[in-house]
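First subunit A sits with subunit B, and in the next complex the same chain sits with subunit C.
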Partner chain A sequence: MDLQALRLSLWLATLTTLALVLLGLPLAHWLATTRSRLRFAVEAVVALPIVLPPTVLGFYLLVGLAPRTAAGRGFEALLGHPFPFSFAGLLVASVLYSLPFAVQPFAAALSGVDRRLVEAAHTLGASPLATFFRVTLPLAWHGVLAGAVLAFAHTLGEFGVVLMVGGNVPGETRTLSIALFEQVEALDYAAANRTAAFLLAASFLVLVAVHALQQRRFPRWDAR
Partner chain B sequence: MRYLMLLLAVLAGPARAVAERQPLAVAAAANLKPALDELVQAFQASRPEATVRVTYGASGAFFAQIRSGAPLDLFFSADREYPQKLVEAGLAQGEVVYAIGRLAVWVPARSRLDLERRGLAALADPAVRKVALANPALAPYGRAAEAALRAAGVLDAVRPKLVLGTSVAQAAQFALTGAADAALLPRSLASAPELAAAGRSVPVPDALSAPIEQSAVVLGAAHAPALARDLLAFVRGAEGRRILARHGYALP
Partner chain C sequence: MGRTLSLDVERRFAAGPVVRARVELPLQGGLVTVLFGPSGSGKTTVLRLLAGLDRPDAGEIRMAGETWADAATGAFVPPQRRGVGLLFQDHALFPHLTVAGNVAFGLSATPRAERAARVREVAQRMGIAELLDRRPAALSGGQRQRAALARALAPRPRLLLLDEPLSALDAPTRERLRGELRALLESSGVPAIVVTHDRTEALALGDRMVVLAQGGVRQVGPVHEVFSAPADVEVARIVGTENVLPGRIAAREGGLATVLAGAVVLVGVDPGGLEGEAYACVRAEDVVLEDAAPHGSSAQNRLPGVVVARLEEGPLVRVAVDCGARLVALVTRRSADALALVPGRAVVARVKAPSVRIVPRAPAAGG
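The block that comes next holds the complex of A and B.
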């Protein structure tokens, strides 16, 4: 197997998951608690990557963030290099692409937390932030973990977007799924088989973990 | 039950119509897109009953698909190696060279790169950050481009800048969107209207890249082998040669 591609894919999935936890939790919390009418629009935007072909996202990222556009120049000023064909570019694309796979389980878990416990914390004088970290998150953590694991796995299997904006640069944008595509096209079925079997096994294990997390009743925070 | 029958009848209608008038399925190397679109149009003008459906992509990818039994009639490759291998494997016959391709460097109109004077060495310039070419593992023009960079003595300097398209078409698209600063493309593609309008191209000297002989085969699995042979004969005939020459190909 292409170990460089494996390392790259794992690193990309890890960073994407971290970014999605940091960005996705506040967003999911807002979605779970807001009464704003904007909620439905935001929910739809978050869910878009589920139904959109990855090529749509890839095409708009390539055209919209190319070095000659304003957004592309902004990206370049921020990172010191253009968006396409770079690891940072893939990271941004992956965060967008895997957004629903993290935010939807996050929001479901957060909205499943008993309002009364949250309100009790407020009446006892806990700040909103303290309430979130000491009451809401501990009660919702299995959903948050499931979302993070799903985002990780989804990023590991990302193909269409990377094909469109990656450019197949070894060590930079040649992820495992791109390496597999190239192995198949080049008729190297033995190597393709190793890569495909790894991705299959990894995906299966991740789904087993997600289902275990979603079904098992975890010990209550107050019982420990 | 009656509704089910009705539904089946509705669904079967179009399916039958398709089976009766199945188009000639052609797979062609991406470098041929501008020329073959025109060739097929001219062919259909003389044969109105024929419908031709062309899919463009990397020759290596089509080779793999044909070996796995893709239902195709005719295959225009970007080299001779893939068609010859198909003939050897008993999957095709009558391998013939239909065109001889050459390379060009294409840069967007705003590029100030002095390709005319410096040639391929200009690609080592720090102003060039990404150079697009077709994946050498999959596309003959990608291999030719890599060989030309090596022959010009700049491959090591340019290698970190290389971005690989799955075919010459994707390499062209990388440069056309401005994502890459230059692309090594077949001359036929570099002079296609979309690219000619958005930039300029400079031919890669023949000393650096040997002319690329492109051959075609009629596939053993063809359902309309006669029509496939007719199209191939048209491409190699007087009108076909005229069109190919206009798109920057040399002729066998």
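The block that comes next holds the complex of A and C.
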């Protein structure tokens, strides 16, 4: 198996998951609590990557973050290199592409927390932020963990968007799924078999973990 | 402690009625005000406005000279800074925290050692000191209520709000806890406002009562006064036609208890386990009026008196009799005419012992 590609895939999935927890939690919290009419539009945008071909997302990212655009110049000024065919570019694309897989479970778990518990915390003097960390998050951790695991797995297996914005630069943008594609192209079926089996096993284990997490609501706390 | 809570608010709901409430409540430590009304009258809405969980669409709320909410200026004090303890109907304890964690929740600004001492002190007072390590899921209904009360009282609130505090409990527990809750509220030293639609709960818990109906506050006064003398027909319909005589339990024997209410002696079924102050409650339709002549007045629950007022209500007549205390009877027009029930007429009011409901005001232990 292409160990360099494996390392890259794991690293990309880890960073993407971290970014999704940091960005996705506030977004999910907003979706779970807002009464704004904008909610439906935002929900639809978040869900788009589920139905959109990854190539479409990749195409728009390439166009939107092209070196001559304002966003592209900003990206280059920030990171010292242009967006296409870079690991950082891949990370941006991965975060957008896996957004629904993190935000939807986050939002479901957060909105499952009894509103009265939040109100009780407010009357006891806890600020909205303190309430989030002391009440909402501890009660929704299973959903947050499930979302993070799902986002990790989804990033591990992405192909189209990587090919569009990342290309196939070894050590920079060649992830496992790209390596698999190459192994098949080169008719190296033994290597392809190992890579595919690994991705299959990893995905299966992740889904088992997610389903187990969703079965058990605050297991450690309610059981005595 | 003589503070006033004044409230003149309106809250509109998209598909529902408009809730209006206007009332001034003097607040004293340990004094319990009951906010009474049928469902849909806006009791819980008023409670949420007081807690700061909702904003009024019009009007204002002032607490001891401080403006909590004013729809005209947009002024609003958030729940975090009102110093109000709120007891939810189902208690809303944090399931992921122990009882100690729940009680300490509102004390995060307090230094650690002081916090632990305060948790122990409040837990002791609420009788949950041995339960501090448990999770809410491992508590009984009554224990949950005391834990929730301890949590609300720990940060020393200026006002305690209780939303239907007993309705989440099963009937036997509810019976047992009514007196207990009254004693806990009294000993807390914090003024309390209790929302309820249950008459017995209102009688057992309240000192003063605010009757809320659609459209606003209908009557404010001492609980037994509101029950005995409803301001208008609508209040009468809401609180029921009930005679409520404040008194005290004088004797208990063979499952019966004797209540002394002023000059009136009434025997009813012993509520059990409690003594001291109590209300004797008799529904107006259970009061039978008879000619004063034939029997001696010494028999049980036979109260000689004089008719003081007569009010026609369709086929029925509401007759007020002064027997040392004012007792209202609901009789048919035919018997009212047969007995010539007009003011000044001497009669005997008779009540069967099972029709006398005794609502204790305080448990035997602890006051």
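The rule is short, and it goes like this: the second predicted complex is superposed on the first by the 217 of 224 C-alpha atoms of A that agree within 3 Å, B and C clash if a C-alpha of one lies under 4 Å from a C-alpha of the other, contacts with A are read in each partner's own complex, and residues count from 1 in each chain.
Keep this in mind: a contact is a pair of C-beta atoms (placed from the backbone, for glycine too) under 8 Å apart; a residue touches a chain by one contact, two chains touch by 3 or more.
Note that the structure is a prediction, hence the values are computed from the model and not measured.
In the overlay built on the shared chain, the residue A:Pro138 is in contact with subunit C alone; subunit B does not reach it. In the superposition on chain A, contact of A:Ala120 is made with subunit C only, not with subunit B. In the superposition on chain A, A:Ala130 makes contact with subunit C only, not with subunit B. Judged by the touch definition given at the top, the superposed model places A:Leu163 against subunit B, while subunit C stays out of reach. On the subunit A side of its complex with subunit C, the touching residues are 114, 116-117, 119-127, 130, 134-135, 138-139, 218, 221-222, 224. For subunit C in complex with subunit A, the residues that touch the partner chain are 51-53, 78-82, 84-86, 88, 90, 92, 94-96, 105-106, 108-109, 134-135, 137-138, 151-152, 155. Residues 62-63, 66-69, 72, 81-85, 163, 165, 167-169, 181-182, 184-187 of subunit A are the ones that touch subunit B when the two sit in their complex.
Considering their complex, residues 58, 60-61, 63-64, 67, 110, 129-130, 132, 135, 137-138, 162-166, 174, 177-180 of subunit B touch subunit A.
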